[in-house]
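What follows is a structure written as structure tokens; I'll ask about it next.
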Amino acid sequence: MRGKFRIREEYVYKMPVHFGGEPFVPVRTVYGDMTTICLKFETDQEALLKIIPEDFELLQPMVNVQFANCREVDWMSGGEYRLIQLSSPVRYVGNSEGLEGEYPLVIWENKACPIIGGREEDGMPKVFADIAVERHSGDHWFTCASYECNTFLNLDLERKEELGTEDVARLNESSRINFFGWRYIPNLGKGGTSLSHATLYPQEAIARQVWIGEGCIKWYPLTLEQNLVQFRIISTLADLPVIRYLPAKMMKGSSRLNVGDSRLLP
Amino acid sequence: MRGKFRIREEYVYKMPVHFGGEPFVPVRTVYGDMTTICLKFETDQEALLKIIPEDFELLQPMVNVQFANCREVDWMSGGEYRLIQLSSPVRYVGNSEGLEGEYPLVIWENKACPIIGGREEDGMPKVFADIAVERHSGDHWFTCASYECNTFLNLDLERKEELGTEDVARLNESSRINFFGWRYIPNLGKGGTSLSHATLYPQEAIARQVWIGEGCIKWYPLTLEQNLVQFRIISTLADLPVIRYLPAKMMKGSSRLNVGDSRLLP
Amino acid sequence: MRGKFRIREEYVYKMPVHFGGEPFVPVRTVYGDMTTICLKFETDQEALLKIIPEDFELLQPMVNVQFANCREVDWMSGGEYRLIQLSSPVRYVGNSEGLEGEYPLVIWENKACPIIGGREEDGMPKVFADIAVERHSGDHWFTCASYECNTFLNLDLERKEELGTEDVARLNESSRINFFGWRYIPNLGKGGTSLSHATLYPQEAIARQVWIGEGCIKWYPLTLEQNLVQFRIISTLADLPVIRYLPAKMMKGSSRLNVGDSRLLP
Amino acid sequence: MRGKFRIREEYVYKMPVHFGGEPFVPVRTVYGDMTTICLKFETDQEALLKIIPEDFELLQPMVNVQFANCREVDWMSGGEYRLIQLSSPVRYVGNSEGLEGEYPLVIWENKACPIIGGREEDGMPKVFADIAVERHSGDHWFTCASYECNTFLNLDLERKEELGTEDVARLNESSRINFFGWRYIPNLGKGGTSLSHATLYPQEAIARQVWIGEGCIKWYPLTLEQNLVQFRIISTLADLPVIRYLPAKMMKGSSRLNVGDSRLLP
């Protein structure tokens, strides 16, 4: 009466494992229709360094805020979800490769499935929030995130002129971005870690249309009891001072997540 | 400009780690208001053994189906979520302790937060679904689960007589249940595992009111494209034959998740 | 080839009518499990009078704010929804009956079905919002309402002592409340009304448990573009000054909507 | 202390009326980004005539099934909602105009706001359902509708070749469609009607891209208790026999709802 399921060493699984795994193949999943709003602000370097692991060097005391309405998501049969991500430009100094990219401080997503995969497979700091569709009145675009009906973050963009074909092409020359993560799985029943390491998760974003603009964010810090599980995340980020905003942009295009190129950073 | 966040060895973290962790304390979290519907059926032993890891012995070829409407959830400030769990009675034979309990084959939950914690901390096989509130017409109770508006599982219960105080008290004598999990984290960018082991997650359920009844389940297997990420889970479970149903019950009470007593099973 | 559906004069229908109606029966629908939080504040009489139709006399310059988590709703097969209602005490002076009761200024509800029926059948001023389950940290209870992820109203209650059996019984002696509405259906393709009249909608609320407490509300007025259809409602109500709060209460019990006793007020 | 709000005769209001109305202007609201899937089947004429009011003549025993993902909705500040509509081609014979168009049998929509307006202002037979985003695997497109997690309708489309520019232009020559409704408001507290009449609601749909294809629908009739308020709608429509399917199509384009041209049909 012994169970007959056994994990095959060379296969890849997701929990629950016992329904079977698959041989490893380097997955590249396409997001065919992306609408993104990208804001950027300079913040206090000391405050920011406190939430960057010491294996990374901060390249600039900047925070990139990205809202994305992800549609035509391949692995969802063309379904959709939305996210808001805050990240900073870093260099990984845990080894000698000198890799540069973005370190996401948090990624809110409005569906559980991409959260689970992103956390367990790539160490992406994904957590749940309800995230509104981008809406607009004329060229004023806006969206926001809430938790159990409590808004904690508003994004606003005044969209200005659209970039010409050449400018978009130039932008697409640097379409590849290294995202870094920190994958962490705790011990059970005592302190300490079961798994804790930096990760690399390369992505590509191809723009079809780009507008420049001016944007800003507004935090509504929640009380501890309103959001026990994200209180520290929201209050720490809301406390990052905005020294100045840099030019914002809105983009329509597509993305490719090179999940198969993800790797542990030793 | 080096990041200043460092993981403290004896602390416990959740992703994203860089907002800080906490000293380990054995958490016991209370679910103050639980409404559960429990069905049970005998199935084909061979079919069931295929989805039980070989470190477990199947005690009976039975599947317990539990719907729970969890309210007054402590760690949600009294918030609520719902779940549907299928599990089988097993003995862990990976060591000499001879622990007996339930091995969950899958747990659908309708909120991302409990899914994340249950998977990463306890190896619980939690995945997302929309799950309806239990409703009823007289003593016929029903609920169901769907994914992107596609129903895949219906539960029905004909509720019969309520148990007397003594019967409820007797039931509560065996309120403690060992749940087992299999925590698995894959390698990155290649096959194989980063973490793979059995877990023990003790829980307690105290009934205030219990009714017996007769119940059944009905699967609506989805097509692969309707649910790429759960197709194998749903179709495998839907294929488990129902040889006979055993008596069902409905309960109102409370639960205690002894997260702090969770441990790795070597 | 002429259609064969004909409205029977003595029947009652809902849109779409062509699936058939029913003989009139005086419906009394039960809400078996109600949790309500009731706040009350004195406001500026002049400001309040502006949003009370002239067929009503304002009895006191008071606003009752009621959150209700409605469960075991008969006509939903025991399903649930939530609402937040603001109302003021009035006397109907459009005829000589001298009826007294509550005039709801607005009722936000988180499901479309009760909104449709309440508007078309009883002239209740129901509109949609997402409304959070009541949550709490100790005796501090809170909930809120949002529209497309934008919070516009928070409710807070410090719950104090529970009333004794006699006090609850006394409260239940005046369980019957006259709610008034204003049913209005516009002309099509030009100004003016197709239907416009006051309504009476009697309800009963039976308390099982009552706690007194202190409460307050907080508005987050939305911009016009954030909520084009409710902007005027929210901004007008948010502008009502709070002169003082009166004692609040929380109740658990049941309700009976005497839909069959509803009537036009000539 | 008398209320000071008075309805101005020439204004237009929505419930709640007391927040004020507006002078009538002929509203034309634009839906800037529409994705629609249109199926069509021949059914039994007698069965269909039973659910067509006798003021209409059925032109063909056909049912048009339309799914629409409505985006860039003007009156939602560019927000979105989805609908599934079943309609039949009719001539209005209640007067001598001889107007031809489509009579919607039902329109499920996944947001309360458009439901309320469509019913009260135009007599459109709108009711609530959760409606999935259109998804696809290659050229197989699918979507569905559910109520409290119970799927009741699936739509499938095999998309074939795209139409050329000229064919699309020809299609757009007949972009204007007369939709008919039946606006009905019941009496209160007794049988009979307060308002009951046919309506005309002209709309325009401009296609940018059109594909032809083959489609089908599948009903999952719910039990009475699963959906008390829509049981008769769903079971009646599910009983309409499908004699044969006609060519289907998918379209991307925009729509204009000429609300201001709506009128009562005497």
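Order of writing sets the chain letters: A, B, C and D. Residues in each chain are counted from 1.
Methods note: a residue touches a chain if its C-beta (ideal position, glycine included) is under 8 Å from a C-beta of that chain, and two chains touch if they have at least 3 such contacts.
Since the model is a prediction, treat every value here as computed from it, not as a measurement.
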Chain labels contacting subunit A and also subunit B: C, D
Angle (degrees, nearest 5) of the CA superposition of subunit B onto subunit C: 180
Same-residue or different-residue interface between subunit A and subunit D, half as cut-off: same
Between subunit D and subunit B, distance of the C-alpha-averaged centres to the nearest whole Å: 41
For subunit C paired with subunit D, centre-to-centre distance based on mean C-alpha positions, whole Å: 29
Multi-partner residues of subunit C (at least 2 other chains): 76-77, 79, 133, 135-137, 148, 225-226
Touching residues (chain side subunit C, partner subunit B) in the complex: 76-80, 133-137
Residues of subunit D that touch subunit B when the two form their complex: 130-133, 135-137, 140, 142-146, 148-151, 154, 220, 224-226
Residues of subunit B that touch subunit A when the two form their complex: 1-7, 9-20, 23-24, 26, 45, 49-59, 75-77, 79, 90, 93, 104-106, 111-113, 115-116, 119-128, 148, 182-196, 199, 225-226, 228-229, 232-233, 236, 260-264
